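Each of the next two complexes has chain A plus one other chain: chain B in the first, chain C in the second.
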Partner chain A sequence: MSEDDLKVFVHGAARFFSKISPTPAEVGTPFLRDESDRVMSDFSAVIGISGNQRGCVYYTAPRDMVQALAEIFGESDLSDDICADFVGEIANTISGNARLELGPGFLISVPVVIRGRAEDVHFPDDAPAFVIPISWTGHRSTLIICLSDQPHSRRMAAAQ
Partner chain B sequence: MKLLIVDDSNVIRRAIAREIGSSRYEIRSAGNGTEALAVFDEFAPEIVTMDITMPELDGLSCVDAILNRRPDTKILVISALADKATAVEAIKRGAQGFLLKPFTAEMLHTELAELLAE
Partner chain C sequence: MRYVSQAPREAPSSQVWLTIGLVACVLLFTGALFGTVLVNAAITVRSQANIRLVSVAARQSELVQRISKDLLQIQLAEHTNQAPLPSTLGDVSDAAATFDQTLKAFMNGGSTTDLAGAALTVAPLKGDAQVAALAQAQNAWSPLRQKIASFTLVAPPVATVDDAASYAVANGAQISNMMSDIALSIERTATQGAKDLTFIRNLLIGLAVLCVVAIVGILFTRVTEGQNQIRVYASSLELRNDELAESTTALAHAKRGTDLIMETVRQGLLLIRPDYRIEAQYSRELEEIFRMKDLAGHNLLNILQRILTERMYNTSRDYLGLLFDAKKKERAVLRVNPLDEVEVNFPNPEGGFISKYLGFSFRRIVQSGEITRVFIAVTDVTGRVQLERQLRESEHKKERQFELLLGILHVDPRMLDEFIAGAQTRTREMNDALKAQDFAAASAGQIEKLRQRLDIVFRCVHNIKGNAALLNLEYFQKTCDTFEQKIVELRNRPILGGDDFLSIVIAESDLRADIAELQDLREKLTGIQRVSPGAISAFGAHVRAADGAGARESGARMPDEVVVAIRALAQSLAIKLEKDVRVVDDGFDTRALGPEMRRAVRDVLVQLTRNSLAHGVETAQLRETAGKPAQATILIRGLASAPNAFAFSFRDDGRGLDPAAIRKRALELGLLAGDEAVKADESQVARYIFAPGFTTSNGATTDAGRGVGMDVVKHVIVDEWGGEIGVSSDPGQYCEFTFSLPIATTAAPAGVA
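Right after this comes the complex of A and B.
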């Protein structure tokens, strides 16, 4: 995964929040996740990535932030079911939007949602996991990007 | 006028329904392509909003199946997949419009108005 790939997700996260909210998000500088980092929050969604790259994209956020976002979205039901669904949609949207730069070979799965502060989440061993902190109206959430290039992808061929 | 909303996200289905409003449209919804076809056969909507990435049956396959059943159905694909090839593929299969997520209420109304004007 290149620095440019990470920028795609940094810009994508910023774009998502500016589109749905009058208050933009502050998207921090990505850093390499350490095994001891406890980044998972109340609601998390993982998107499996295949095609030219392989790995996953996580988005994780606390309940009060998801509820605040859902309210801005016009949602009156702020139940855990709605929060879980919305976190999945955020992960799906940021990942899907990344195809603007990464192309149609960046294949995304439907989101899998995890409720509760899952600490035993498995990240692929063959790819580094980068943490992108996102602050919005005093709330903190996290995007985690864990991708490796597929050996025979067009991206790899172009880079060689 | 009957409108079917197809998206695997309940939040998105509810948001679209809220924005469109039930005064002008009779609205039904479905959470995946398979469910959408069952609702389509029973409800016979004139307009369909269609997500692409969904479990069981994806949105583009569902567009094919719907247009095989009733070719004059107006379909607006609403997806997060931002590459040009996906939008081109959706139109090639017979969808009349493509709206990228995240979208604003104004964008949704504009796309639906264009769809109905065709």
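Right after this comes the complex of A and C.
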């Protein structure tokens, strides 16, 4: 896991906010997730990564932030469905940016949205989870990146 | 089982000849029929012409008789003095003219009128007898014609009439007979001609009948042959049917077997066409492997595109192209199979992927020199690959742990435990500092906060590095050194953002993993030690034994393990830096302290020792030049302290602090303003050595020079333990630090787990 790989996802999230709002997102100091950390928020989206590296990327945001986003888009319906759609859209931007930046050695899944504070979310045991706070207009969301290098067999490494 | 049957065959020439004969007969029959019709028509036309001709010839005879009769009537009338009837005279004249015209026509050809008064063209009669008869008739007729030529509507003279009548009576019958003969002759000629035509017609009819017979015969032969053929075909068909039935049974049996294989085989078996579409027959397992139903007709590449990375998909697409490229040798193509073992990923409905490993093997199917299909066997090799991976990882881990083991064999287990616990505490501390989640912004204040977090991380890493040096754990020293380089790089940036810390948190993650691995190894060693106590950490035990022996010889008590470790660190650094130093303890004993404080004291001594060796202690040559003993001395003393406090000092007889250099550096870093630098006394200036990142050294090394060591000392003593630090120094002579720590009785200090 390199710094550049992490930045791909961070910049993907930041790009979404810079597109939709004049106020850019601010990236907080990242840290490693400990077992006791409760990092999941009201709405989350998970993106699966495979290929040269394997794992998942979560984007999770509180309801008030997602509703603020929805209002920017002129959305009067601030229901859970709409909020879930917006989080899915942010995850799509992150996913799309990752596809573009990481290159053909990666397989990036379509995001799956999870509603509610999904504290029972499973993080892979064999990879550290990097927690990266992303703030926008005083609201705080979080990007959680959990990737490990893919240990290829010799044959696969040769093919790659 | 193979079935062979022969289709009945016939002689093709016989059929051809029959066909040719049939066609010829039909043509001949048609021709004969047509000829018959034509001949019949000719006979009819000719008969009618002959009838007219004969009747005209017969009329000549009648005309002569009529002329004779009319002449006698005229003669009678004149002799009875009656005027002849004009009509009679006209009749004679007309009859004579008609006779004359007809006779000339018979002789020379020409036209005359028939009995109905219609014009009739007559060909000259050519038969010798006819010509002679005509000549005779002409000779006999000519005198009569001349005699009656003068007959007009006016009555002719009696003599003329008598002459004509007498001639007519005398020759009329002869002329009439001649003309009758001529008529008969013409009739005979016509009859003969009709007979000839009738013969031809009969011939043609006969030919037509023969043709019909031949056609019937040929058709009969054909029908007979056809029936024979049908019988042969029927027989052949029956044979074929039997064969087919047998073959179908065999095929059904074979298919049942194949289906059974396809249903039960634990491999994905399929055939693909040159357009990469999957054939209808494939094994059920394939659907399980690809997690798709009804694969027939699907393009294999499309399926692969969904489950492979773009790079692997592109490789696979090119490879399938090679498989169908007849110009490429199969053996060479199979040798470079990139799908021999490939990771595939299926979307997980709950997010992420379900990963598997598949092994593809290929075989070309060649028909008539053309690659028509490729047979593919797909096997789920996930279990094997994961096992291989676990084995590889296990081997790799063993290798790493063996390296680590070699690096820690000399370390006292208890000190190793303390190192691990301390390192874990420091990594938690740095992670907690990062968790504070201060957000980067353009404001200087927040950047300053970020820098403070960075200083905390730096301090933690440096602390771990110092303790690694204390135990001579080179691997951890190097890891921490690399970590510190990343921190220094961030420190030098004018603007900091949260994402700049990504490199830091990655390094922290790596360090955590190394410590976890060390702990794992330590736990294993504990197990071994239970079996063979004392076998591990021989070096540490040896050091303790040596120190213990020395102490016993000198009558002193056993030295503190912290001192032993600091002594070993000092020796190690002295060798490395080519300096000569000894560590002397005096009344210093941490054994009564709690483990946290003991660790804190040790951490402080480690940093001070590293600083002394790096900056304070001179080389032996410089020391001798300065009139000092070649061997430097570090003195660690226990100091008298208040109750519930622990006091100690650390002193080296090196070059001491350089107030001018400190002042200059403080000015450069903006810690002192210009006038403050002038006013500040040496004791005030000395406090800046504890500032984060403060160093008077021009270059950093693994051991010192990054300005963190004294920050660590201050942090541990003051920030964590609420203690005090005193500094005294005589430039060129010594530098001494004194510490006083309150002894906590209820809880661990801030920042210490």
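By definition in this document, the second predicted complex is superposed on the first by the 151 of 160 C-alpha atoms of A that agree within 3 Å, B and C clash if a C-alpha of one lies under 4 Å from a C-alpha of the other, contacts with A are read in each partner's own complex, and residues count from 1 in each chain.
Operating definition for what follows: contacts are C-beta pairs under 8 Å (C-beta built on N, C-alpha and C of every residue); 3 or more make two chains touch, one makes a residue touch a chain.
Please read all numbers here as calculations on a predicted model, not as lab measurements.
When both complexes are superposed on chain A, chain B and chain C end up sitting side by side without clashing. Applying the stated contact rule after C-alpha superposition, one finds that A:110 touches each of chain B and chain C. Residue contacts after overlaying the shared chain place A:73 against chain B, while chain C stays out of touching range. Of the two partner chains, chain B is the only one touched by A:95; chain C is not.
When the two structures are aligned on the shared chain, A:86 is found in touch with chain B, with no touch to chain C. Once chain A of one complex is fitted onto chain A of the other, the partner contacts of A:23 are absent, as it touches neither chain B nor chain C.
Of the two partner chains, neither chain B nor chain C is touched by A:137. Between the C-alpha centres of chain B and chain C, as viewed from that of chain A, the superposed structures give an angle of 50°, to the nearest 10.
Number of chain A residues touched is higher for C, counting chain B against chain C. Touch criterion met: A:7 reaches chain C, while chain B stays clear of it.
For the pair chain B and chain C, the minimum alpha-carbon spacing after aligning on chain A is 8 Å.
When the two complexes are superposed on chain A, the residues of chain A that touch both chain B and chain C are 103-104, 106, 109-110. Interface residues of chain C facing chain A in the complex, by the touch rule stated above, are 308-312, 314-315, 338-343, 345, 347-353, 355, 385, 388-389, 392-393, 431, 434-441, 450, 453, 497-499, 501-503, 505-506, 508-509, 512-513.
Those residues of chain A that touch chain B in the complex are listed here as 16, 19-20, 70, 73-75, 77, 81-82, 85-86, 88-89, 92-100, 103-104, 106, 108-110. Residues of chain A touching chain C in their complex: 1-3, 6-7, 10, 26-32, 34, 45-52, 54, 56, 103-107, 109-112, 114, 128, 130, 132-133, 135, 140, 150-153, 155-156, 159-160. Against chain A, the residues of chain B that register as touching in their complex are 8-12, 14-15, 18-19, 53-55, 79-83, 85-86, 100-104.
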